[in-house]
Structure formats: structure tokens, C-alpha cells
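The same subunit A turns up in both complexes below, where it pairs with subunit B and then with subunit C.
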Partner chain A sequence: MTKAFTLVALAIALVLPAILPGEFYTGIATQVLVFGLFATSVNILAGLGGMVSLGHAGFLGAAAYCYAILVATYGVGSIAAAFLTLLFGAGIAALFGLVALRTRGLSFLMITLALGQIVWGVAFRYTSLTNGDNGINLPAEALLASTPTARYYLCLAVLVIVLACLFVFMASPLGVSLKGVRDQPRRMSTLGYNTWAIRYVAYIISGVVAALAGILYVQIFQFISPHAMSLTASSEGVLMVISGGIGTLFGPVLGAGIVVLLKNVASAYTDRWPTLLGLIFLFIILVMPDGLLPGLRRMVRRAITAFSSYRGRSYSNTSQEAH
Partner chain B sequence: MFWITGFFNSFAFAAILFVLAAGFSLIFGLMRVANLTHGAVFMLGGYIATSAMQFGFFTAVLIAAIACAALGGVIQHLLVRRLAGKELAQVLATLGMSFIIADQCLLLWGGDPIGVSAPHLLQGATRIGSFAFPIYRLFLIGAAAAIAVGLWLMVERTTLGARIRAAVDDREMARAVGIPVTWLFTTVFCLGSALAGAGGAIAAPIMSVYPGLDIEMLPLALLVVILGGIGSLPGSLIGSIVIGIIYTFGQMLLPDLSYVILFLPMVVVLAVRPEGLLGRVSA
Partner chain C sequence: MSALEVVDLAKSFGGLHVIHGISFAVMPGERRLILGPNGAGKTTLFNLIAGDLNPSAGKIVLAGEDISSLPSHRRAACGIGRTFQILTLFANETLIRNVMLAALGRSPSRWRPYRSMEADGELRDFAMTILKKVHLDHISKRQVSETSYGERRRLEIAMALAQKPSLLLLDEPLAGLSREERKSVESLLNELPRELTILMIEHDMDVALAFAERIALLHNGKLLVDGTRDEVISDRRTREAYLAQ
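Moving on to the complex of A and B:
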């Protein structure tokens, strides 16, 4: 079932640029892939490790800046820049992980929020390096892929490879012990597992995946500004994960699709995206805390039960009257 | 001269931070709710005060505090209370709420910064030797000190405070001996939000109010409580002084990297005491 679903989804994703009516729509589909990758990085921490980070856009943005500065300011080749950026992402994650993983739960969430805002503050204030609020534009020849369709397939290939690796990782001893640390930290540590090291590795993996999303982000927008790493951006990542289904392989990509589409549709009609984002947050949390798909399934099931019990009651009523 | 002015401004900023962080810490300490609307409520308080300025400065601050208390009560009653026991859902719900509040502020008050002048009584500067200290900043420091003492007296010396301490220590036991814990929660949420709103209002004459103020202040407040220890009032005081000094001097000496320097106290404190300077180990 899952295998069939995966193959169908992959087949649709492969032919999508041919079906879509124009470059604009291919662009939006590519955004879904990039934010799907970003949401996956949030999910590695939040879903598998039980550590919800509210500063993950900081990794995405820092990587995007790193790539843009290497290519635009220092003239490094795009492929070399991409690899250096991944190293840079791993370095930042290794540094931030040392601080954030001193705590758990709500304190972890608060610290990651503060760390994300510190990265934002650097991008905003360190104008000689980052050009401040104006951001950095990338020339077309600085990209890894030159046409919108090529960028779509690049992002698709990266996302598929990352998801395949994640699938293997989830079943690997490290992946399983990460879930163990999430659910039973004390028991895992009693069993002799180094819970801190397991979390730390997960944090760095998540940071590298977010950096990968950041590299793809500058490819498709050809522009990076502090806006990309705001608290709003980090929160959108968390929303994608919880709306799609936390801890699942495809849920975050599905959530990314929902959030990106809503954002693009909403921006055509209103400037009030933050209000809408807040309302979606409240809706998901209050009405469908386990994600849209399980939530919808539950509602349908409840509706069916309610309907059948209503029919059952009316039937018993009539039978009583008959007596 | 440079150092004295710097420290003076640091303490004035620390005063604002303390008023903001104390409310956050109070709510977190009692309810274990990380109320992320706090930054947005701070900004809302500032905006309400700018609009209510025609009634006089102090009335405007009072109106802002009362309005924010009411909003806090509504958030607690309609949102946070329904998600009792689900820490993550509560945080994310307040996060969603903070986007809505901030966006509605932008809709109502527009995108331009709104400045407020300090009340006549507190304008000008007082001179000690060759140094000039703006009176309004002295007032801020005094007000924060008064709030600190007031909160301490409330928590340590009143029945309400005794009930709050009891509920913090053992919620079930407090409920069992007849303390209306749910009602206490709402009171504390209102009080914390009122502090945030009042903080935004009294900060308006030196910071003015502008979109993005919420996101600028919230991480600073989080840093203060992480440093000082979550739920500890003296911890918030120490934390806000440390962050106030580092942030103010950072902006004067290294404006490019003023945010990076905030990283340092966090690294040092978390390395030595993950629960914060005055935090309880169990918390």
C-alpha cells in the first residue's frame, strides 16, 4: 500500500512539469519541494527526536547566505560553493547543538527560538557582509541549474535522495535509538546509550538537511534576505510538520504543499498572511492535533459512526413503537 | 563618561527587559506555559498607550496594562486552558496567537514607527557633576525596581502569593486543599500580560513602537529567563541586567555583531548551569 503510494507519488512528481500549464506553476511546485525538504529537517528533530526547534529557518538562511556570499562576492564555483555550504551548515549545527542540547522540552524550544533570532540579527545588522535588509541577489550564472524545469528536477532529486536516506535512517540502529531517546530517555540512558550523543548527531543531521534546503532556496528565488530566516519562516516549518503528520516520512512534504499553496493563493487576495498563518496554527492545534490526514480520517469515521448510530436509533425507535 | 552613560542606558534597558521578562517568568513558573504572545502583547501595550496618550501618560499606561490583562485572560481562558497538559500544543497556540496580534497591530496602527514624548514631569535631565542623566530613564529604573519589590511582596507576603507558591510546588495538593487553581492561573496570566503591556507602554518614549518590535523583544525576554532561571523573580532581575548591559554595549561598540555577543552569556551559563543561574533543578 505504502509502496504503491510512493511509486504513484514519484511518477506524478516526475511528469508534473509537463502537465503544469506554465513556468509559474513549475516554480510553485519547486517551492513545495524545497520547503518539503526544510520541513523534513524540522521533522528529523521534532518527529524522530521529540525536540521542537523554533529557529530552524536560521540554518536555512545561514546556508543560503553562505552560498550567495561565496558565489557572488568571492566568485567560488557553484558546485564547490554548495559543498562548502554543507560543511558550514554542519559547523553551525555542531556549535548551536552544544548550547541548545543542554536543555530539553520547552527550554530547548525557547533557546532555539533565541538562536534563530541571533542568526537573523547578524544577517540584518552585519550589512558589510550581508547587505542587511536589502539582501543579496544572485546572477543567473551562479546557479546550479539554469532553467526552471532543471531546477525542479534538481530539487526533486535532492528531496527523493534525502527521503530515501531518511527511510533507511529511521530503520537503522541510530534512527531507532533516536526514537528510543525521544520516548524513554531515562531507560535508554540506563541501558548504556549515550543519549546526549544520539541527540547531538540528530541535531547536526537536521542542520545539514536544512542547509541543503537553504542552498536550493537561493537557487529558486535567486535572492536571500533576513526575511527568509524570520520567526515566521521557522514557524511555517513547524506548521508544515504538524499539519502533514509529525514523525512520518511524507507528512512534512504534504504539509509543505499545503502551506506553500495556501500562502501563494492567500497572497493574491490579502496582505494578512500572518493572521491567516496564526489561524491555521490554532485550527490545526485545536481541531486536528495529529495532522490533517489522520484528522480528516478521524472526522470521516466519526461522521460515519454518528450516522450509523443515528440510523440504528431510529430503527430501534420504530421497532419499539411496533410492540 | 562613555562608560557611565553606557551603564546608565544599560540599566534603563534592563528595566524594560525586567518588566517584560518578569511577566513571562511568572506565567511559566506557575503554569509551565511558555507564553510566546508576550512579545506581541508588549508591542500591543505600546500601541494602545500611543493611542490613549490624550488622557495623560500615566492613564495611558494604565489603560494599556488593563487592556493587555483582559487579552491575556481571554487567551488563557479560551486557548491555553483547553490544551491543559499539552505543553507543545500550548506553546504553538500562543505562537499562532502572537502572529495574529502582531498582524492586527500592523493593520490598525500602520507600518510607520510611532513615537511618544515622555510626560512633562519626567522630561529633561538631572545633572550630577558633569554627567547628565535623562529623568525618564531614571524613572524607568525606579519603576522597574518598584515592580520588582511589589511582585516580591505579592508572592512572599500575601495570601494570593502563598496560593501561587502552593500551586507551583504541588498543583494537585493545592487543588485538594481548596485553592482555586484554575482561577489562580487566569489571574496570573492576566497579571503577566498586564506587565508586558505596561512594559511596552513605558518603553514607548525611548524605543517608540513599530512593527517587528515584538520579534525584537521576545528573544531578549527568553534569553533573560533562560539565563536567570525560569520562574525565578530574582533570576529575571539578574538576567535582565546582564542582557541589558551586553546588548547596550554591544550596540555601542560592535553594532554589526551586537546580536552575536548575546550568544556568549547563554553559552557560559548553560555550560555551567543548564537550569539557569537561579533556576530550580527540578524545573
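Moving on to the complex of A and C:
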């Protein structure tokens, strides 16, 4: 069923720009992909590693700034800038991980919040480099793809590759170990696993994926400001993961879809869209506590079971009547 | 050379002294029982040996190597395996995946970020061999959450065995088991290879005394009596501190 769902979702994603009524909606679909990638990076930490971060937008924003500064200020080519930004993302995650992973649980949450705010503060105050609150505009020639449709397919390709890699990773010994460290850290340590090192590797991988999302973010908005790395942005990432299905492969992308659609579409009809967003999250948490995707999966399974038992009953009734 | 030597080991939590200068040695292949009333410091002693806790003083020597300052994952690599009094299994995984994960702990391929763990045929075969040893091979694909308490106790032992330890620490392996389940775990303990050195905490005296060759009796964090099974049982202090309870 998962394979069929994946193929259907991929087929829809491939033809979506042709179906959507205009560039505005293609832009929104592209945003879903970018924020889906960002939510996936949060999911690697929170879902697989059990480490909920409230400063993850810092990686996205720092990477977006790095790319924008490299191409707009220093004239570096867009592909070279993208590679350098990924290295930068890995470096900053390696550095922050050394600090954040000294803690667990609530302390980890607070440390990551503080680290995210430091990055936000640097972007806000270091005006000579970041242009402060005004942000940095990206010239059209500095983009990796020139048209909205090309940008959509670029983002889709990156997301599909990352999800495919994550699928392989989740089943690999390292991925299984990461989940083991999340569930039974003491047992894992007694079994010979260096739990700190496993969490550190996951932190860096997550940072690199967030940096990738940052590169794509600056492609679609052609602008980066401290707002992108605010506490609200980090919290939204966590909400996307929780609402879509924490620890699942596609759940965070689904969660990103809900948030982005509500922000962009519902806000056109009502100023009270954050209330609507809150109500939807409340509904999801109450009705499907483990997230939308696992909840829907369960509902489909129940429906299939109910349908099969109904068919079985009606078949036996028919047989009895025939006898 | 001793398989394990504990020298003047002490552990304090603030002003609370839990272990006071304990010293004893365990020979290779020996079955040693750690006895004592609740609060005697038995599990703390296990936690110190396994590296879950750092000693306040003293040292722990495993096969001639001082491991006192090593973290628990490095001690596991040195050959220490353990089971827990409170079950610490991966409840949402199958039995075979639990054992595979345990077996991977000492293998360099635990760092591999690609190729499914399930696809490793050698690892799977090894895990099945271990499950066969503890008589759980017939339910290897069952989720841990769907097994009985006795089966989970045996899985705890299987996971420790999968690490190929030279020293096995068994923390109350019979706790919470029915009479039938106890018999099953008892026969499993008797089937463990002789070259394996075993330290066991157990309150079921019938099983424990039949299993042990030597006994160390702890009381209020101190080593009260240490000797052969008969010496310890006949000692007046054993009756006063433990058997009288």
C-alpha cells in the first residue's frame, strides 16, 4: 500500500504544474516542497532521534544567507555557492551539535532555542554583511532555475532524492541505531553503541538537509531576511512534523502542505487564519495523536477490514440461500 | 588472571554512601552470586561495573585491563554484557531485530548509513542462532509487545549473549516470572557456555544457590561475606543480614 501511495503521490507531483491554474499556485506548491524538506530535517532530529529542536530555522536561514551573500555580494557561481553552502551548513551543525548535545529533553529544547536566537541576532545586527532587517535580494541570474515551473521541478527533485536517501537510511544499521538511541539510550550504550556520536551524526545530517532547504528557500523567494529564522519559523517546522506524523517519511511533507496552504490560501479569505490553523492542529492532536498520516493510514486499514468482513458476510449469506 | 577484579570500589550520591570500599575477584568461567537485602547496593555495583555510573573511588579491572574510566559503550566493547532488572527492550520491534541490533553493537557495520539491516544475511543467521539458544526462534518475527513476560526475560538474556560477552551481568533474571517461566529461564542459565563468567543478582534462593559457585553478600553497601556457597550459607552474618529476612 505504501509503494502504491508513493507512486500515486509522485505521479500527482509530476503533473501538478500542468494542472494548477497559474504561477501563483505553482509557487505555493513549490513552497510546500521547500518547507516539506525543512520539516524533513526537523523530523530526522525529532522523529528519528527524539531531539525536538526549537532553533532549526537557524540552519535554514543561515544557509539561505550564506548562498545569498556568496552569489549577490561575492559573485560566486550559483552551483558553486550551493555546494559551499552545504559545507557551511554541515560546519555550523557540527559546531552547534557540540553545544546542544551536551543536554537532553527540555534542556536540549532551550539550548537549541538559544542557538537559533543567536543566529537570528547575528542576521539582524550584522548589517554590513546581512543588510539587517532589510534582508538581501537575490538577482534573477543568481538562481539555480529561471522559471517558476523549473524551480518547482528542482525542488521536487531535491525532495524526492532526500526522501529516498532517508528511506534507505531509516532501514540501515545507523538509522535503526538512531531510533534505538531515541527509545532506549541506556540499553544502546550497554550494547556498545556510542549514543552521543550517533546523535551527533544525526544532528549534522539534519543540519545539512535544513541547509538544502535554505538554498531552495532563497531560490523561490529570491529574498532572505531574519524573519526566516525566527522562533515562529522553527516552531512551525515542529508543528509540521507533529501534525503530519512524527518519525514517518512523508508525514512532515503533509504537515508542511497543511501549514503552507493555510498560510497562503486561507489568509486570502480571512484574517483569522492563525485561529483556523490552531483549530486544525487541535483537531489533529485530539483525533489522530500520532499525526495525520498514521491516522489516515489507520482509518484506511479499518475501512478495508470492515469492507472485507462485510463482503465475507454477504458471500456466506448468498451461499446459504443457494443451498 | 581474574576475569574481573573490583578494588576498593566506592560510590556516593552527595552525602549518601551507597557502596563502601568493596573488593573481590571473579575467576574466568566462575558463577558468582551477589546477594543482599533491598538497598544493599547490588544494582549500583552492577551499574558501576557496566559503566552506567562512575565510581567515587576504587578501580574495576577486566581481564587485567583497568576499565574504571571507560564509558559503558567502551566497556561493552571490552566484553561486558548485561541484563536489566527492569526490562529495556525495543517493544515495537520484532524479537529478531532486537537481537540483530544487540549483535551489531560490537560490529563496525553499525555505522553503515545504507543497506538495510534486514538484508545482512550473516547477521540474521547469527541472531537466529542466539534466539534458538534461548528457545525463542519459533517467534522470531513476533513484536516484543506481543510476547509474554517470560519470553521478554529470555530475550533480555539473548540480547546480552548476542554481544559475545566474556563477562555477563544478570540482574534478577527471574524477577516477576511464574513457576513455569522460572523453570524455563533456569534451564537456560544452566545451558550457558562454561567459559562465560557470570555475576548474578537473584532473590530466588533455590535457583540462585543451585547456580552459584561462589557468593558475595552485600549489606548496607559493604561486602559482608565472600566465599564458596557453603561457606557463605553457613556464616552467621549471612543468616543475620539476609536469610533471616
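Assume the second predicted complex is superposed on the first by the 271 of 323 C-alpha atoms of A that agree within 3 Å, B and C clash if a C-alpha of one lies under 4 Å from a C-alpha of the other, contacts with A are read in each partner's own complex, and residues count from 1 in each chain.
Everything below uses one rule, namely that contacts are C-beta pairs under 8 Å (C-beta built on N, C-alpha and C of every residue); 3 or more make two chains touch, one makes a residue touch a chain.
Fair warning: this is a prediction, and the values are worked out from it, not measured in the lab.
Looking at the shared chain after the overlay, A:T103 reaches subunit B, while subunit C stays out of its contact range. Look at A:L154: by the touch rule set out above, it reaches neither subunit B nor subunit C. In the superposition on chain A, contact is made by A:L279 with subunit B only, not with subunit C. Looking at the shared chain after the overlay, A:G175 reaches subunit C, while subunit B stays out of its contact range. Taking subunit A as the reference, the larger set of touched residues comes from B, when subunit B and subunit C are compared.
In the superposition on chain A, none of the residues of subunit A is touched both by subunit B in one structure and by subunit C in the other.
Interface residues of subunit B facing subunit A in the complex, by the touch rule stated above, are 28, 32, 34, 36, 79, 82-83, 86-89, 91-93, 95-100, 102-104, 107, 215, 218-219, 222-223, 225-226, 230, 255-260, 262-263, 266-267, 270-271, 274.
The residues of subunit C lying in touch with subunit A in their complex are 50-52, 71-73, 76-77, 81-82, 84, 88-92, 97, 101-102, 104-106, 109-118, 120, 159, 163. Subunit A makes touch with subunit C in their complex at residues 168-169, 171-177, 180, 183-184, 186-195. Contact residues on subunit A toward subunit B in their complex (touch as defined above): 52, 54, 98-99, 102-103, 105-107, 109-111, 113-115, 117-118, 120-122, 124-129, 230-232, 235, 238, 242, 272-275, 277-282, 285-286, 289.
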